[in-house]
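Both complexes shown next keep chain A, but they swap its partner, so chain B is in the first and chain C is in the second.
Then we have the complex of A and B:
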């Protein structure tokens, strides 16, 4: 088990290096750097102006050197004041030191967000907390309802209940979030006025049923149909298994058969799907957060990408890798727990 | 007068699809008295399992009892409501199923699954339930019962799983036990153990039994009375001795004639297959269902009206045949004419101390431990000559299929040599083999249902084989060859355009045979070619293979666990155990003493469908050891019942050498010559 965990962590580190290297390469393409320089200086800066800004802030140093500095295996060098010749802090709003230090990811320094004019960590942590909260509520509403629907429709295939629930799941899962979000906002926000169509207030005033329901419901509805379909298929297969007949002919009643014998076996397949939904949610929230103006990870990612905020984008990539691989890990371990035929040795 | 436990009267069951009503069981009657064992015999599709499920009222949603009654313990099952039904299920009527692995919940521990029965039906404490379950696990003779209770089903072998299912069925002390093909998926020796157990427990607990099987031998060993079913009807019923001793229905007779009996072979008494096929449920003929396939059929008599069960010889022996009196039941079957034995040619295949080891990581997914070696084939030497049939027998896990894979080039040998017609083939993978070699060594597979591509027509699949083997130069030529191959396997030419799903199991296996013979092979490896087929179909395929082989002088390696078939088909036999050849010799030498102790146990395990044959009891204890950690010394020493005759612990330390007992007969055993000489035949 320990061995298994160590290997998984190794894989995670390797994936991080590969992905961040690619992202680092892309954000450092010349047009992207120019875009950054323009947004950081003035709109009508001349080419010399842009070039001098890039050189001064260290963007003209060797690519590998800057990547190594970001990781923390190479010192980050301060800017040199052209007039005094003395080292000065690179981004004063991030209070970067005016000396050459190792300050990379390994040291816990994720760099400086040029867009939000603050340390990446200071921007990311609240954003992640906000998104985590959103994802938590999405999962809490989505998963139990989806499993319940899936099991209900799968335990008696072809019944009226099954057909009704199937139609509902297909409709919800075939409606993209940007459609359902708009429709729900119009119905519950504009017409009925029960719910707030914007979650902007959630960041400052805290979440309430009024401002938070729509952002939660929108992705939940989409995933719900999907998981329900998967659970239904799995349940149908399990219900025709011979051990279900054994249980029935042991003298168990229908509901006892479902709860005691079918449930655990039927959950094995959807479990993996649910775990795969975490990474999906992380990117899925981009739409929801933008749509409802919710200050979370998705909104930060959009802003970072729109402004070529190098350090912020790299940090977002790291978060994604950790989330994807961590859910995979949980999925594997949980799978082994649900299915005794596979054991972590 | 004693009341019967189960009384089925004129039962009719139909399945209702959207379009039509399909009658599955018609006019089925049967009674089972307390403590009695009733056998239910028939081929697949005859409705025997439907009867079993109808007794428990667990038919699929589309199935319905249309008329007739099932009375259990004096109560009409049709009047019971859902609550009463669940009370009876598992406590008064219990069932044992065909596939033990699939019948146990894979995510629940054995202990939980057993005690559950007691929690449902009796208000018992946890401790008492556990104690009683443990007691039952001991009663079904499982080793280490406490560990069994803590295990998951997949951690047990097939035989152990079936014992658990039996234990589960008997826990609540049912009055009636239904066994639906309980040993079909198991090895012969394991089967013998289960049969022994069922008989014994039946006596001990006084349970009545309904034993469903397609194996006449098993029925004879376990049951007091038997009912033979054909196409949804009972065709013959009576006390076991009367039915087996004096058959009074042409179908039952046909079943017996299509089964190889021990002591017969393909030359002296060829099998007589039942012609034709089982009619589809909605296309049954008028009058006698068996009419179109019956050699005693008389037009105007047999196909006129529905036939009732008629007394045949005694009040308890009934048969659904109008011509009981008219048929001479003792006459020898017409086509049973002896064949001239084929002349065996020169050596074609020579295998010398062949080895196949697999390296396996301790666990693929979560591994990290050092790799272990599975010794699937360890030291195998034999030869096969032109036109000869060499049978390889042994339980699952003995390495017989691995050996076949090495010969076919699907696996590479770890050591030793195998030469086919003077070429060494043990190190040639299939993709490096010449087309000529591939087409000369072909295989017939166990399961005809999986070996045909479902999306191509039968003809195109055979033509594809011809193309691959570079046979024929034009499409028309190959088309003609394909049609000739269909003739060869006695299928109508119209089948060329059919899809595999339109064919029955036997027909698919014929296609398999046609494909194997397409490249005019010199050697055929047949891996359990009959085990997925029904008895009457088996006979037809067996005859087909025999004739093809006789005419083409092909060598055949027959891999099988069915010793009756082996005896019938083969010239020589190789007995394998745990990767070793423990005995080899001509068929007569193998089936007569002296035996290797393992061969002796295998022979004793065959269920015989012959009332006259007497069998000596040799029960094999324990399980086949893992090929990952084979025992030191003789591979068979952990289960050998004759080990005490060898002094000095030789069996535990030294692998016995191959000892030649007679010309062509050798065994790998330490037993002293006196013990071997004193052996008596297992079957007499």
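Then we have the complex of A and C:
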């Protein structure tokens, strides 16, 4: 087990280095740097102006050096103003150290957001908290309902209930967030007026049933069908196993068999699916946050990408990559731990 | 002029779709009449889910084919007096109604929905086929040879799978990246895969028959080269097709996003099938590895692959819709469903009618694909 964990962590670290390197390269492409320089100098800056701005602020240093400095394994040199000879910060709204220090992701320095005019960490923390809250409520509504539906339909394969629930789950997996969000907002927001079609007030006034229900339900519906189908398949497999027949033959009632014998074994496979659903939920959350104007991680990512906010974009990528890799690890370890056959090996 | 009543709108929509109804009747008369001779398709069309799935897909397929006959207006044309018009409002000059109303730029929502099906039905299956050829071409050797090839390819696949799709799209489909050669290089590599796949397929299968091999190779290279020039360089020698760089970029991004998933499935299937007797028999006969992979293993892996391809086209449709929703790749006036949903969802409090048709169209098309996949899976489990 320990060996397995160490190897997994090694592969994870390698994956992370490769991915962040790729993102760093793509975000720091020449057109993006030029756009940044143009937005930071005047509108009609000449090529020399742009070039001198980029050189002064360290964007013309060797690519590998900049990447290492961003990670925090290479010292970040201060930017020296050629006229005064004094160190200056890249952007007026973020102060940067005046001497050469290690200040990268490892040290907790994520740089400066040009869109929100603040340090990236100050923007990211509340955004992540808001998104965590949203994801938590999505999971809390989606998982129990999906498991319940899946168990109900897998219990008696081919029954009328099974067929109805199967159709329902196919329909929900065919409804992406941007479709269900629109349809639900029309029904509950515009026509009935029960719920708010915008979650913008959730940031300032806190979440309420009125402004938070639609952002939670929208991604939950899309994921529900998928988990339900996985649970159903796993349940069907378990229900045909020998020990279920034995339990039935020794005279146990049908529901006692389902609850005591089948359930625990049938829930192993959905566990991994649910863990792997987190990265996928990330995409859903971005769509939902944009649709309902909820100030979270997703909206920050979209704003960063739309406004060429290089440092914020890098931080967002790092967060999502870490989330994906962490859930993969938890899913693997959890699966091995839940399943005695693998645990013993 | 009086706007149409709800009943009149439904009747009029039904009439507009006449070519689709006729084609569907012909299709199903043919399918049910000859179902015993149609193999798998004949079995699938008999089941309830399969029938519904094929019905929905057939509806959108024929809608895409007859789009210019069905839609009364130009999907991009703006008629100023019809801005935000309610469903059924009569357009004064032509006397024809805006069946589903007008959007905020005074375009006919109905015609846009109909023309949107064309974009979705062309891009989604083609992009999926591209991803499929990449996945097959890399998954087969990874599963068959194992060892170093497998570890390297699997690591690369996991690398891309660990990338949140939304981030991938923002990095690859943003306007800035079109100024760099990256999308063209990426698409150039991806579009090589179908050609390589076909060439290897024919080379390994027809080596003993030079004439047959020659005909097939020349045809593949001619058609493949033409499509390659059209898609990657937008230089169609015959000036028939035009593929804009942003569309090409969508292809590359979708193939990159779905390729690794298909790779994993193909690799798993290959690992399973290569232990079978007929593979050992072929090895004993002294067949080349590529012959065994493409002519022994691949045909026997087709069942799960067809089901997966069906699901994946639906998923690709959702991805392309998401791209449209974020305003990436597609031009802003494009009538595709994702862009239409984005445009209309901002104004839901004032007008709901421009948002519903593209949303329901998108949902029904994906539903059709999922139902068909479900029917196919059930049928393949029966055998």
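In this section, the second predicted complex is superposed on the first by the 326 of 345 C-alpha atoms of A that agree within 3 Å, B and C clash if a C-alpha of one lies under 4 Å from a C-alpha of the other, contacts with A are read in each partner's own complex, and residues count from 1 in each chain.
The working rule: a residue touches a chain if its C-beta (ideal position, glycine included) is under 8 Å from a C-beta of that chain, and two chains touch if they have at least 3 such contacts.
Because the structure is predicted, anything quoted here is derived from the model rather than measured.
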Which of chain B and chain C A:35 touches, first, second, both or neither: second
Greater chain A contact set [chain C / chain B]: C
Touched partner set for A:247, first chain B, second chain C, both or neither: first
Which of chain B and chain C A:145 touches, first, second, both or neither: neither
Touched partner set for A:261, first chain B, second chain C, both or neither: first
Touching residues on chain B, where the partner in the complex is chain A: 56, 58, 82, 86-91, 94-95, 97, 99, 102-108, 116-117, 120-121, 152, 154, 165, 168, 362-363, 365-369
List of chain A residues in touch with chain C within their complex: 11, 14-15, 18-19, 23, 26-27, 29-32, 35, 166, 170-171, 173-176, 178-179, 181-183, 185-186, 189-191, 197, 279, 282-283, 286-287, 290-291, 298, 301-302, 305, 308, 313, 316-317, 320-321, 323-325, 328
For the chain A and chain B complex, residues of the former touching the latter: 1, 3-4, 7, 241-243, 245-253, 256, 260-261, 264-265, 268, 332, 338-342, 344-345
Residues on chain C engaged by chain A in the complex (per definition of touch): 155, 158-159, 162-167, 170-172, 174, 176-177, 179-180, 182, 314, 318, 321-322, 325-326, 338, 341-342, 344-345, 348-349, 352, 355-356, 359-360, 362-363, 366-367, 369-371, 374
